[in-house]
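Both of the next two complexes hold chain A, though its partner changes from chain B to chain C.
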Partner chain A sequence: MKRTLLAACAATLLLATSACGLGSESTGSEGPVSRVPELKPDQKVSIVFESYNFGQAGAWTDTFNELIAAFEKQHPNISVTAQKPQGNSANPATDTISSLQSQLTAGSPPDVVQLGFSDLDFTVNQLKALPLDDLVGKDAVQANFDGEQYPYAESARTLGDWNGKTYGVPFVFSTPMLYYNKQLFTQAGLDPENPPATWAEVRDAAKTIQQRTGKGGAYVDCLTKAAKDWCFQALVRSNGGRVLSEDRSTLTFAEEPSVEVVRVMQDMVKAGAMPNRTQMQAVESFARGDLGMILESSAIQGTFLKGAGDRWELGAAAMPSFDGKQAVPTNSGAALFVFSKDAAKQRAAWELIRFLTSERAYTTIATKIGYLPLRTGLVDDPDGLKQWAGENPYLEPNLKQLEHLEPWVSMPGANYLQIRDGMMQAVENAVYQGADPAESLRSVQEEATGLMQGGGK
Partner chain B sequence: MVSGTFVEVAAPARNREAGTAGTAPASRESGWSRIRRLAPPYLYLVPAVVLLVVWTYQPLAQTFVLSTYSWNLVPSTPMVDVGLGNYERLLGTPELGRAVWRTVVVILGMLPFTVVIPVAVALLTRRVRGRAQGVYRALVFAPMLVAPVAGAAVWQWLLDPSAGAVNRVLGTDVNWLNTASTAQWSIIVITGWHVVGFAVLVVTAGLAGINPDYAAAAQVDGASRSQVTRWVTLPLLSPTLAFLALMTVLLSAQWTFPLIDTLTQGGPVSSTTNLYYLLWEYGFRSHDAGLAAAAGVLFFLGFIVVAALLTRLAARLSHHDD
Partner chain C sequence: MTTEVVGESSRARRLGGHVVLGLLSLVCVFPIYWLYATSLRAPQDVSSLSVLPWPLSTASYTEAFAKNDVLGMLVNTGVVAVFSALGQLLVALLAAYAFAAWRFPFQRLLYLMFVGTWLVPFQATMLPNYVLLSRLGLLETLAGVIVPTLCSALGVLLLREHLNSFPKELLDAARMDGRTSWSALWTVVVPTLRPALAALGILLAISAWNEYFWPAMVLQRSNAVVQLGLRSFMGTEGNDWGPLMATAGLACLPVFALYLVLQRHIVNAFVRSGLK
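After this line comes the complex of A and B, so read on.
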């Protein structure tokens, strides 16, 4: 009797407390975002800047700390706390969304967040990044793109836009570059000044390197789930296909152009021209000099140069094409978004974004990390990057690719990660584990289409 | 899911009831004094129960509630009631069945490390006398003190396909962590290396609890050392072994989690995605809170059944030194 009474009490307590604290059941309707006032001269604000660059020691963290210090000097009333995303992935860039999400759940999001373009749909539509056009005015946003002296590259300006509104300011990105080891090329009897320009040539060169030097041939860093799909999209676009239809309504990654791309890559693995490596293993082994070629973002260039040292020489070429077709590079990287709730912090956040995308900041970022200076005019400025560009032979192919640049498309809907991961897993399964490309892509596309049409959440 | 341990508390003895029974018949007792008489044991329990409710049962109840909603963990997004939709979706994915099978493989693969090797090591170190015994035990226990993630980093270097020590010793060029057929076994061996010290400690404690008189008596009767081990020591050790087996079944998949997260992220091609990693991926990678909660509820119920079966089995098979 007493026992049942106690149990009943406990049960009521549980039910009473369990419903609360999980999240709202009402639609999170927000009013239109209003224009934020300028900061008063004596107004002190502190903001938090979350960037995955702080999760990578060495050049990345140092460069960003340097920039933040310069910003605080320029804006003595704004203090910036820099933090890396919460989580412990080997690649902190994969923790960005989950970290932001848990902070949003807790009610205190960071003010400025650096998020990948692959998350754009989710960032705008689910996480509700603030539209900068409303926050500071379209004029101010465009004026920032135009810059004090050098405007953004035309193809880069709209990468953070959604339905004609700017939500994120494109910040750091690269196009896919074919880095190669000149010493291994020479050892294998290949011409180090004449890198392969098509995938067929890559395959032959890789095989030659593998056979004559015993080292790995070529690695394409966008065929695994961990690597995400940015340069896989470039490969598919270069072969005349798309992973998602232009109106964002249909998944098309199981169509012939994609299947063919996967088959070409699978053949390289089967022929021993591409070793089975994880992203991290491949980057490390290329830096060590154990791999002939790697298709990679210029963000890793610093690591490669450091690994090369005096022992071998790094070469860089544009992304190879498929026979007779124009190569279509896509951008990697991230844009800066604002999530602050407080007007003063929103204004301070915009000031930080303006500083980080200024001519001065790009000069630092390009020279110290290797990311593209999105204000491309800087490379012709003797006070800017001219000297550095002259000494840095790796920049030119990357800059040139901006002409044909197409955006890295984010997958649609709340289940976008499941779709993207599913697609990349199918690619990985075919390329490295020998599954049939057409079949594995098709089955995943079917499953993912279900997720897109509200079959999921 | 359930990581806490439950401690069985004996029912409070009702001394006062017995003491006062003669003076005041229960029927004539007023309500207030009745409460005062019965309340103390419950009052003593309240702090513990409140903590248990707040930290264990309330989240559990919330998980049940959450499993009937569709929600992506963003506070501004509404939670949509989908009834049993999440369960249907979960049971409809082929991934779940595969994850269950991989979890079984992990458990079976872990048993040698948590039962067989520890018994052998504990029996052998028992023969070593003096300070050396402590040294041996410390050596075996040391991996347990290494943080899983730090251990994982070292293993990553050892297993590196081109420069790793393992390949050099074996003369192979296998990419252990990135080949579907070897990744799972690599994870099992690394996890085993990590927990074997703990298991040895438990077995050693079990051996210390066995009265040496039994062995002495058997030896007087002419039993050889191996006969003593087989017919006296091992049967008396069986409750300890049953405990270890139960721990292995219930916790193996959790022990592997930090290693999977650092070394393979569930890959290559899901070959190391066991139940817990799958649940984590649903919840914190795909942000599908409802689906993850539904998976959590199913695993919770499943493991209750498994735990009940195992405890019953253990009770039947174990010899107790009563």
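After this line comes the complex of A and C, so read on.
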């Protein structure tokens, strides 16, 4: 029996190590990237486009299929195969990197991939996304941002840049918004047309709602590991701090501004103003009408509107600020990157990116899915999104936030996910489990600093 | 010690046991009830906490069918479950027969290697399997979902145990009758093993029906099987609970039906394998 076990263990170990070996080689193309020629008029190319939007049935898949059909009609020589990331997460957007890695290992990466901004460092430095500036020229990249008529919002143009070069074209994103239940505001004797603008006001309003209606007060979806760090970064930036130094060499999330943010949130939980819930529970309970306010991605608005129906009215306000400071929202969302190895495919990939970020595509995406049009001028165009914007009262605070938008910073090195998750775990422990904010952030920052030195290539 | 006391306490204990079992079965049944209850709520009531769904609505089912090809998915999943189970049965039967009926060099080592594969976690073999499928051109096909599951160590293990207790005399008798070992397998061994084969087949079919991870790796461009279709109602922008529950409810039905018809065999299968 002992020998049986031994043999089995040896076999397991062998397989496990060989599998790891495969994983570590999974990087994209190396070496200098040369300019790719235009496609010849009769040159036929087929490319693969991987996006997590294809993982979700309904408007998401249908709209993207429609766009790809339109692209193929416009470019009869390019055929596009659409696919979703492989993996087993409930949320396909969290499988993007591992999916790309396994396809790079198999030697057949998709040509255009939609990846989140939190993965930017890893995407550029480990997975070797191709620099678009080298591939098609800086002029062409900038010309695409300028557009035919409506340019990209200034703060959105550089979100996919690394060391001054554009690697990813920002595609879809959302900002953190304060959604609130107007009916609960009225029941609690608060003014539904005058939502809280600072965190102190949020706290007071939440306590009032909790005491007078018995429902939950306010929930901030930036404070758990599952929520990732995009809007936690916004809170820290709004309080004058950073989670990572500007030269990306030092982690700074245990410094006073972050600690204070965590303390403010912890106090809300302790005072009963914020229910101790998971993100999913909070979203569901807000949609049901059992929660007064929620700071949440504008991408989830559809779920709230559906839940509200005709029973309660949804209100939306900009992200609250800390007293006397400017609120600084960060963006969640994703950009489009190119991974093709073949020159013709690279050119075709760029054509697809240009199409998907065109005025026409944004008009379709905004009206059918509800994503923010990054070419903001479209909302004033009667032939574009003017009518849609008029019917969508929640759009204005969202677009206004773009003025102060700052990028969602990706953590450095190959261990970026451990760093990010460690930080958010410390935040979660402090806010919801009563750990000391300064102490838990400090100890995680120390650990994570070690991961940074070992991990970065 | 008097027997009366034992009798008294055993009755009380039996009653207590039934109460506990009753409570536990409520705990088990409730999530299934909630699944169907949610699937029958009107769209705006989907996150409601009321125990009875009222007014009843089939909107979630309509939405599920509109957004996904639910029937096609159920058929595909059925094909995968049946072929995967039959393939594993065949491989397991042949291998177990060889291990039980003959003595040959390295027999023990070979058997240990079979057992060893059972201990290797799927996560370790997943990438090599994926690369192999990519080279064979089987990605994005149902065959790609089925082929890597065909050899199951569990099946070999279980059937070998059954065959070990199979009387060798019967095989000898068959040989004396002039049967080849191949025909002895099909005319002597298989008929006697039928209950075990049926039980194992059901177990394998149910686990193939429920399999999610591997199809998710192979079928990247479609939601060809129902477990993948379920995930397509979950996403970055929140979950679509109504159609999600409706599809999940439909996905459970074939397994429930199988269970009703073959209840005895299934319980048998789970007891024999010692697995859930």
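Just so it is clear, the second predicted complex is superposed on the first by the 425 of 457 C-alpha atoms of A that agree within 3 Å, B and C clash if a C-alpha of one lies under 4 Å from a C-alpha of the other, contacts with A are read in each partner's own complex, and residues count from 1 in each chain.
Just so it is clear, a residue touches a chain if its C-beta (ideal position, glycine included) is under 8 Å from a C-beta of that chain, and two chains touch if they have at least 3 such contacts.
As the structure is a computational prediction, the values presented were derived from the model and not from experiment.
**Student:** Tell me the contact category for A:343 with respect to chain B and chain C: first, second, both or neither.
**Tutor:** A:343 contacts neither chain B nor chain C.
**Student:** Figure out whether A:92 sits in contact with chain B (first) or chain C (second), or with both, or with neither.
**Tutor:** Only chain C is touched by A:92; chain B is not.
**Student:** Considering only touches as defined above, state whether A:200 meets chain B (first), chain C (second), both or neither.
**Tutor:** Neither: A:200 stays clear of chain B and chain C.
**Student:** Looking at the overlay, does A:140 come into contact with chain B only (first), chain C only (second), both, or neither?
**Tutor:** neither
**Student:** On the A-aligned overlay, A:271 touches which partner chain: chain B = first, chain C = second, or both, or neither?
**Tutor:** Neither partner.
**Student:** Which of the two partners, first being chain B and second being chain C, lies in contact with A:288: first, second, both, or neither?
**Tutor:** The answer is both, since A:288 touches chain B and chain C.
**Student:** Just checking: does A:105 make contact with chain B only, chain C only, both, or neither of them? Give me first, second, both or neither.
**Tutor:** both
**Student:** Is A:311 touching anything from chain B or chain C once the two structures are fitted on A? First, second, both or neither.
**Tutor:** After superposition on chain A, A:311 lies in contact with chain C alone.
**Student:** Which residues form the common part of the chain A surface touched by chain B and by chain C?
**Tutor:** Residues common to the chain A contacts of chain C and of chain B are 15, 18-19, 22-23, 88, 90, 102, 105, 107, 284-285, 288, listed in rising order.
**Student:** Spell out the part of chain A that touches chain C in their complex, as residue ranges.
**Tutor:** 3-4, 7-9, 11-12, 15-16, 18-19, 22-23, 50, 52, 55-58, 60-61, 81-88, 90-93, 99, 102, 105-108, 280, 283-285, 287-288, 299-300, 302-303, 306-307, 309-311
**Student:** Show which residues of chain A lie in contact with chain B when the two form their complex.
**Tutor:** Residue positions touching the partner: 2, 6, 10, 13-15, 17-19, 21-28, 30, 88-90, 97-98, 101-102, 104-105, 107, 126-128, 216, 224-226, 275-278, 281, 284-285, 288, 290, 414-415, 417-418, 421, 425, 428-429, 432-433, 435, 455-457.
**Student:** Which of the residues in chain B come into contact with chain A in the complex?
**Tutor:** Listed in rising order, the residues are 38, 42, 49, 53, 57-58, 61-62, 64-66, 69-80, 89, 149, 160-163, 175, 177-180, 261-262, 265, 267-270, 284-288, 290-291.
**Student:** For chain C, which residues are in contact with chain A within the complex?
**Tutor:** 43-44, 46-49, 67-68, 109, 112-113, 115-117, 119-121, 123-128, 130-131, 134, 212-213, 216-218, 220-221, 223, 229, 231-240, 243
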